[in-house]
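Before I ask anything, let me first share the structure, which is written out below as structure tokens.
Labels for the chains are A, B, C, D, E and F, by order of writing; each one numbers its residues from 1.
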Amino acid sequence: MFSLTISDHIMIAHSIRGAEFEPAQGLHGNTLVVEVEFRAPALDRLNFLVDVDLAKAELRKVLDVFDYKNLDEVTSLAGQNTTMEFLSRHLHGLLAAACRDGRLGEAARSLTAMKVLLRESPRAWASFEGPIAG
Amino acid sequence: MFSLTISDHIMIAHSIRGAEFEPAQGLHGNTLVVEVEFRAPALDRLNFLVDVDLAKAELRKVLDVFDYKNLDEVTSLAGQNTTMEFLSRHLHGLLAAACRDGRLGEAARSLTAMKVLLRESPRAWASFEGPIAG
Amino acid sequence: MFSLTISDHIMIAHSIRGAEFEPAQGLHGNTLVVEVEFRAPALDRLNFLVDVDLAKAELRKVLDVFDYKNLDEVTSLAGQNTTMEFLSRHLHGLLAAACRDGRLGEAARSLTAMKVLLRESPRAWASFEGPIAG
Amino acid sequence: MFSLTISDHIMIAHSIRGAEFEPAQGLHGNTLVVEVEFRAPALDRLNFLVDVDLAKAELRKVLDVFDYKNLDEVTSLAGQNTTMEFLSRHLHGLLAAACRDGRLGEAARSLTAMKVLLRESPRAWASFEGPIAG
Amino acid sequence: MFSLTISDHIMIAHSIRGAEFEPAQGLHGNTLVVEVEFRAPALDRLNFLVDVDLAKAELRKVLDVFDYKNLDEVTSLAGQNTTMEFLSRHLHGLLAAACRDGRLGEAARSLTAMKVLLRESPRAWASFEGPIAG
Amino acid sequence: MFSLTISDHIMIAHSIRGAEFEPAQGLHGNTLVVEVEFRAPALDRLNFLVDVDLAKAELRKVLDVFDYKNLDEVTSLAGQNTTMEFLSRHLHGLLAAACRDGRLGEAARSLTAMKVLLRESPRAWASFEGPIAG
């Protein structure tokens, strides 16, 4: 199995409902380093897994919806508790759709799985991995 | 599949019997950066995988048995060659028991697997992963 | 010249007035990794620069005022544009006072300078360094 | 499942045919940090997964063929587009053969899988994982 | 003294004349992580040291001349042995000129010094620091 | 001012007398990542600050005295409390002598200063910097 991973980051505010850890219930914020790992069992005829520049550009487009925002006020996240775990899956969904729609190029249609990992600090990170097929 | 990882570290002395690399047979030591990855296929109703603060506190309790110690003299490790590989599995066993006993909260009972990774230097690390069920 | 550095982190929300980069003017947030470097030309008779555990505890106390907060609503920062540069100097002031007051132990009274560095992402960080004398 | 990972690096020049990203088609270069993860379901009687010093030495031997070279002129890579993805699999093949031939010691014959990961920058990396059996 | 640092990277090929270490004399390559630290004794009235977005954009422009290139064929480097040490000073010169010319904004005219650091591997890096005044 | 830094690491056991933090008084251990920064105001005619390969080899020789050892039993450290701060200066002394003796090559005789930094964990490190002249 092959993988190719790209990394970027966002800077967001949010609050976390129902956290056992009380302080997190107030409005605070995070730098979230985002690592997206694409996986496929084979490479194309030029030995590429995915067009890394298209992938970086599409990741940036997806992140722009959240970057420099207060997630408590982002419409597409309304009603959600925006934990790292949830955000990993949410980004996975948006990027998997981009792969299926051909926005990452033809090679990306052969990808089988993807993992989205979010680092919130040197001491805690979360991820979601799953198939790209909808 | 979701994951959530927390990180801490310990500073231990030990010697390694039977190492091909002779110098390791003498008493020396390591800073071991400990990364514990919890895995589950679903989140709870508040989008949490595990209570991260309970997890950090329980990890610290488990590590306190070894931190600032000479492992050659720790009773629970008697007779063992304390390689990184062994210590990864040993910590995995202690933390899996904590999950099963409810010491990481109710959500932790839904965890399916765990990976314990120990970094001994920028150039070498080891891990053990396995189910949480005993 | 000797130095000893300790590291911790905070997770804060804030907005930045007058930023050329428009998006930063909205409420967003950061994980700020905080590195505090203490400096002195000599060590004490036991070869210590400062009591590292007292220093870590005092740093945590200072950071607790800001951690998990919206800085736009923290009284002691009222009227300030909370850039990384400003926050570095602000934390420097609080920690230098702690040194002068003996809250980091007697050894800390011999420290001559301190540098506070804040990492907001893998791609940007800021610092303030200056004497400890008020 | 146990793992043990070692890390080293090489500094190579190459060009990439057919890259959508035009500049990569010219001759340029990379520092490639190489991480090799060995996996096995059990440890030997001394709690080792593999002889880490033999592994490091063999990895260095394998890397010496490419280190400080222009990959466009390395005979064993002739005709290949030397993407990170391809190089990961190529190194995997060379190291798996070393395991099967006993060059990493007897313990290495019990290894079941291996992952080779190449970091080309803080923002992009690739890997190949597969069985050691030829 | 305040500092603000930004980071980017380039991927270059080159050869090194007269290196005691023979292999470096052949054509090889590097990923060079570039860290640029700007320094000034005071902040502007909005608590900024420099406009970080202008600085990032100007750094990228300066790096584009070298990124994805064989430095042995870059006209502006003709006759130079492109060691990390040399490249640090060369980039320092280009960026200092940008500051003096106002390409980093008015605030940048108050900067007093700059340090350019190049990381070629996890085990070696080099820097040049000096005043911004020409 | 130019700098060139190389990095290596050692794995040592030791105990710390008189530590306020009681557990450190028992025998424990550390992985110490060692970063040595060489400084000079000018480069040689080939644009080198120091022969990096000679420097790496000499650093390794100096570290071999301590690597995989219990520092409480190393003769040259007898009677010393082996804090990070002390060890930074001790290594500085050994490496400065190597520079003066010509063991790092002729270029190293032009070096003016050196900084030795020891990282004991992701959260604490120490350094000593001073002139190379004896």
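FYI, a contact is a pair of C-beta atoms (placed from the backbone, for glycine too) under 8 Å apart; a residue touches a chain by one contact, two chains touch by 3 or more.
This one's a predicted model, so the numbers in the text were calculated from it and none came from an experiment.
A.B. asks: Quickly list, by label, the chains bordering both subunit B and subunit E.
C.D. replies: Neighbours common to subunit B and subunit E are D, F.
A.B. asks: Among the listed pairs C-E, D-E or B-F, choose the one whose interface is a repeat of E-F, with over half of the contact pairs the same by residue number.
C.D. replies: Selected from C-E, D-E or B-F as the counterpart of E-F: C-E.
A.B. asks: Could you let me know which interface, B-F or A-B, is made of more C-beta pairs in contact?
C.D. replies: Looking at A-B and B-F side by side, B-F shows more C-beta contacts.
A.B. asks: Any idea how many Å lie between the Cα centroids of subunit A and subunit D?
C.D. replies: Inter-chain centre distance comes to 27 Å.
A.B. asks: Can you check how far apart subunit B and subunit C are, centre to centre, with Cα atoms defining each centre and the answer in Å?
C.D. replies: The separation of the two C-alpha centroids amounts to 31 Å.
A.B. asks: Could you pull out the residues of subunit B that touch at least 2 other chains?
C.D. replies: 7, 122-123, in rising order.
A.B. asks: Every pair of chains that touch: which are they?
C.D. replies: Listed by label, chains in contact pair as A-B, A-C, A-D, B-D, B-F, C-E, C-F, D-E, E-F.
A.B. asks: Once bound in the complex, which stretches of subunit A touch subunit C?
C.D. replies: It comes out as residues 7, 9, 11-14, 23-24, 26-33, 67-70, 120-123.
A.B. asks: Residues of subunit D touching subunit A in their complex?
C.D. replies: Residue positions touching the partner: 17-18, 20-21, 80-86, 88-89, 122-130.
A.B. asks: Please name which positions on subunit D make contact with subunit B in the complex.
C.D. replies: 1-8, 43, 46-49, 51-54, 56, 105
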